[in-house]
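Given below, in the form of structure tokens, are the structures.
What follows is a pair of complexes built around chain A, which joins chain B in one and chain C in the other.
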Partner chain A sequence: MYNFTFHRPTTVRQAAGLLARNPDGKLLAGGHSLLPVMKQRLAQPSAIVDLSLVEGITGVELKGRSVSIGAMTRHADVANSPVLKEVMPGLAAVPGSIGDPQVRNRGTIGGSIANNDPNADYPAACLGLGATIITNKRRIAADDFFQGMFTTALEEGEIIVRISFPVAKKAAYEKFKHPASGFALVGVFVSKRGPDIRVAVTGAGANGVFRVPTFEEALKKRFAAKSIEGLTIPASGMNADIHASPEYRAHLVGVLAKRALNKANA
Partner chain B sequence: MSATGIGAPVRRKEDFRFITGQGQYTDDVTRPGETRAVFVRSPHAHAKIKSIDVAAAKAMPGVIDVLTGAQLATDKIGNLICGWMIHSKDGTPMKMSAHPALAATKVNCVGDAVAVVIAESVALGKDAAEAVVVDYEVLPAVVDPAKAQASGAPQIHADIADNTIYQWHLGEKKDVDAAFAAAKHVTKLDIINNRLVPNAMEPRAALADYDAGTDNLTLWNTSQNPHVARLVISAFVGMAPEHKLRVIAPDVGGGFGSKIFIYPEEVVCLWASRKVKRPVKWTSDRSEAFLTDAHGRDHVTHAELALDANGKILALRAKTIANLGAYMSTFSSSVPTYLYATLLSGQYNIPSIYCEVDAVYTNTAPVDAYRGAGRPEATFVVERLVEVAAREMQIDPADLRRRNFITAFPHQTPVIMAYDGGDYNASLKKAMDMADVKGFPKRKRDAARNGKLRGLGYSTYIEACGIAPSQAVGSLGAGVGLWESAEVRVNPTGSVEVLTGSHAHGQGHETTFAQLVSERLGIPIENVSIVHGDTDKVQFGMGTYGSRSGAVGMSAIVKALDKIEIKAKKVAAFMMEAAEGDIEFKDGKFTVAGTDKSAAFGDVALNAYIAHKFTGAELEPGLKETSFYDPTNFTFPAGCHICEIEIDTETGKTEIINWTAVDDFGTIINPMIVEGQVHGGIAQGVGQALMEGAYYDAAGQLVTGSMMDYSMPRAHDFPSFHVGMTETKSPSNPLGMKGCGEAGAIASPAAVINAITDAIGTEAIAMPATANAVWTALQKLQAPKAA
Partner chain C sequence: MAAVSMTVNGKAVTGDVEPRTLLVQFLRENLRLTGTHVGCDTSQCGACIIHLDGIAAKACTTLALQCEGSSITTIEGLAEPGGALHPMQEAFREHHGLQCGYCTPGMIMSALDIVRRNGNDLDEHLIRDQLDGNICRCTGYHNIVKAIESGAKNMAAK
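Then we have the complex of A and B:
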């Protein structure tokens, strides 16, 4: 690890100021992606702005028809949130599937979303529920936020503060774990909120999280596994590596979508 | 059986310090003025070194020195060697390339060390290592053993044609060919035994300390055999005379074979410590471990089995290409030869066997012994062939095995080994009962109703343990003898220290060895200490690998204890004024036959040292005895593992539903520790079968270079194992022990693949049988046959 200056602001405004003064600085939210690459000397931030003491950006709250989750809320706290388990257990299950207890007690939702790892779980939940990502500057719809592998709509100096998830009557996540990393080899989030039907896929796409319009269209008739029976997505555009072929990933998208639908309807 | 004696499930004495974080591993040892070594490693799999410029690095803060391979050569530090000579079919000796601890002119795998920075801290050392400028001329690489011998393949070592180390064979080809010609049925298989990364929990480490006042060198390192390390580093590398080099292997956190070998890093730390006159420490990080620990397996094999109409095996033949990587590691040559082909008879009476093995260099990390070492590869070949033959001939696989089991002992196989005992029908029957094989068809139907494919696979394995006797291994090319030593020191108060040449790195010797002493001398287990892993304390020893610590190491303790008893009886005779022949020893008490006279073990020990009851002319004072034990044969643990799996046809994911292991390890000292060894072995074998695989890309980059990509099994990947035992005593050592450390890893891969292929109905699946691989195999079956 190279040397860096370490900052621990207590407000979002301070954190933004520190970022502005340190163009090569990085925000530290949970550290599970950033710290390993720093240890391997693959990243050399001049400054680390640790968000762990920033006030007002943790916790899970029900606000009307939405659940608002602070960006620095740990995975374990989202997974165990009584209010979330009550109104939308399908979303609570997402952080419950991340890593191991050590990871879940350190990693945060904001960190995961800002990083937009193509195999991360939260991006599927955000896109699959049509969440709104709230930053210190603006509100960004999930459909606009995720822009490909490790790429988001976040601008320089922009900090995620909260994520607002509309409460869907039916929502579920189904994940096929990568045997080594525990990330999603493929993960599918499905939801139905009135006429709004969403199917979002992580892990599979060569360009990160994506929606499956053909599935969504078919599900408009009836939000059930049967509706997408026989539908497939093309292998082109799927990720290829030693762990899974594009064909297998494309196949898993269909399998997991059906399982998620069954779970959502259960 | 006493509560702490042989056969008691005594809790491990060593675990208190391990689970409370008080173990002393090499990295925990610190010396005043300690420096840190950081290696500059090749990012290329194959390249010429045009130049190395260390000037900028040397000028960096905290840098004491930067050393290169050229200086190593100037200082006449010798190459690393492979200590087991193999001769090719044509009688020529194996072709061992030079393996300098720091590459000077050419690198042959990613991670090859080209320079070392000696710095005040790891961080400063890493900064400087980045400033070392190495000008490489990159060459094409070859990583696939099946392609290494092809004409036009990159030539790795200039003096070694076709990257071929040896072309070895064993058995009578003529007899085998005749048997195949007469066979009613021939089963053929192409097998890849996948390459594995050992991944011990504690990474390798070395701390070298040169004492300029005495010219002595001390090395703390993560070794399974510190005496062998000292011998090789003295006699071959030429670092220091043996009596001026002390090697200490303190607590070691797992080895699985990978810590048997002598590696460049410990040699460089010793050399550097002498040069900079300060202690030098190196601790591998996990990334370095993936790149530089000797890997395991990596065989490409074509195997055939000939049978008569009744399913009686007539002959077996196999042709294997073994990948030994960029350099020959310490015992690499023996693994795909005498530890492999000699086990191709399995548990079966096979009249003739012929095996050819080509060992090749590739631009990958060196490959050497890894838990089982050659025997898992052999078992996989035999047990897959037998299972597939049974399916092809529509004979029940258990029945086909029974028809061919060896039932009379001793049994001379056509491939060197003389099996000395066993009961293969007993372990098969017990395993089938425990696994409820009778109920399997119903379970299979029930699973099918849930859209799952169920399969059941057997592995009736045998292995050769102990890796001894010396004369036998010497005749096969071993550069060392493979006995073991023990010294039993009885203190005046009757407590006992046992110095053993075996080395514990997870096996629990401090408990099991003490159980033996407790039972034999009738003293509490708390009064026994086991000392190992220090060449200044233990005079010599061969170390721990090949499941040999029980069968060989404990036998040496038995022999030393025999001598202790003889000497103690002499002392007791003087104490009780009786004839030596009248002294009896039982339950920690010496008695005079036919009298009520008795003396406790502790009193006799005290009298041995105060020497008030005898003169020096009559008896030497003291109570300490040594034994070097060389067994009469290998031991042959064997058993039957049955794996039952279920496959999710939609995802291809395999779930292990039930695992039954019935093993014959001979005498068992501590059943709890033995069960733990079986569990760990199965986990490693299942890891190989379902998850693990080290992959290099065509350029020679290790794709699976971290835990993010290399799939290690976790606890949740397994059911609770059902472990049972049968027992036939080994006639080849005084305790009747056979060894248990490797059995699980040897037996299990074949059981898993036999179960998967049973479930999916095709033999075309390679290890690791990942969900993707199984799904692909199922897709191929379902695809309409091309017209």
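Then we have the complex of A and C:
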């Protein structure tokens, strides 16, 4: 790892100030994406701004018809949140499927979303529920936030503070876990909130998380696995690597979408 | 260099570290607590697992400075001062839950976290699932799983 200066602000404002003074600086949340990348010398931040002491950006709260999750909430704490398990177990299952217990003990929702790894789980949940990403500057709809592999709408010095998820009556996630890494080879999040139906896919796309309008349209008639029977998505635009071909990934999208629908209706 | 202070195995410690110093380096090189191992250095094997404020974490994926003011427990902190092994350590010995021993400190720290989260009555399926972040190149896991099941029970009996 290259060296850096280390800072521990206690407010979002201080953190923003530190980033402004250190343009090559980076925020540190759980460190479970950033530190490995720094060890490989693929990132060389001049300053690290540790968010762990910042007040007011952890915890899961029910606010009206939405669940608001602080950016620094660890995966394990979201997965085990009693209120979330009660109102939307389909969302609680997402962090429960991430990595291993130690990764879940340290990794955070804000870090995962800011990183936007093409195989990460949370981006599918955000897009699949139409979440709003709340930063120190503005509110960003999930549809506008994820902009391709490791790319988001976040600007220089912008800090995710909370993520707000509308409570959907039906919501579920199905993931084909890569057996070695634990990441999603393909993951599909489905939800139904009144007339709003969403199907979001992670792991498969060559350009990161995406929605499947053909499936969403077909599900309008009836929100059930049967409605998308026989529908497929094209292999073009799917990711190809040593783990799976584009054709296999496209096939998994259909399979996992149906499983997720069955789970959401169970 | 930056000053860092924390509590390790119940003792207050301080040190001068570079900001990039990992917790595992601080434990092994500054404090000479070499029971915490580095198996992969890529956050995958679990040989470096310690408890950070009571919760299992990978010391190779944590900066020493992130632990300022925190309380750390390592494998060295489990046995009684007189040398009597912790019930979980004893169970690994009893059930032959190790061969070379390289993964063992991480396995035991992980096992205690499994007990913290799931109680003392553990089944094989849950233990195997929860050992996702611990890799052993020797044992085939069979005896590790048996050791954890038994160690958890003995902890309750104590």
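Simple rule for what comes next: the second predicted complex is superposed on the first by the 266 of 266 C-alpha atoms of A that agree within 3 Å, B and C clash if a C-alpha of one lies under 4 Å from a C-alpha of the other, contacts with A are read in each partner's own complex, and residues count from 1 in each chain.
Here, a contact is a pair of C-beta atoms (placed from the backbone, for glycine too) under 8 Å apart; a residue touches a chain by one contact, two chains touch by 3 or more.
Because the structure is a prediction, the values reported are computed rather than measured.
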Larger contact residue set on chain A - chain B or chain C: C
Chain B versus chain C as contact partner of A:31, first or second or both or neither: second
First, second, both or neither for A:242, with chain B first and chain C second: first
Touched partner set for A:251, first chain B, second chain C, both or neither: first
Which of chain B and chain C A:1 touches, first, second, both or neither: both
Shared chain A surface residues [contacts with chain B and with chain C]: 1
Chain A-facing residues of chain C, complex: 2, 18-20, 41-43, 46, 49, 55-58, 61-63, 65-66, 68, 110, 113-114, 117, 130, 132-134
Touching residues (chain side chain A, partner chain B) in the complex: 1, 40-41, 176, 179-181, 242-245, 247-248, 251-252, 255
Chain A contact footprint on chain B (complex, rising order): 123, 126, 130, 287, 650-653, 691, 693, 695, 703-704, 707-712, 770-772, 775-776
Touch list for chain A against partner chain C, complex: 1-6, 8, 28, 31-32, 35-36, 38-39, 48, 50, 52, 99-103, 105-106, 182
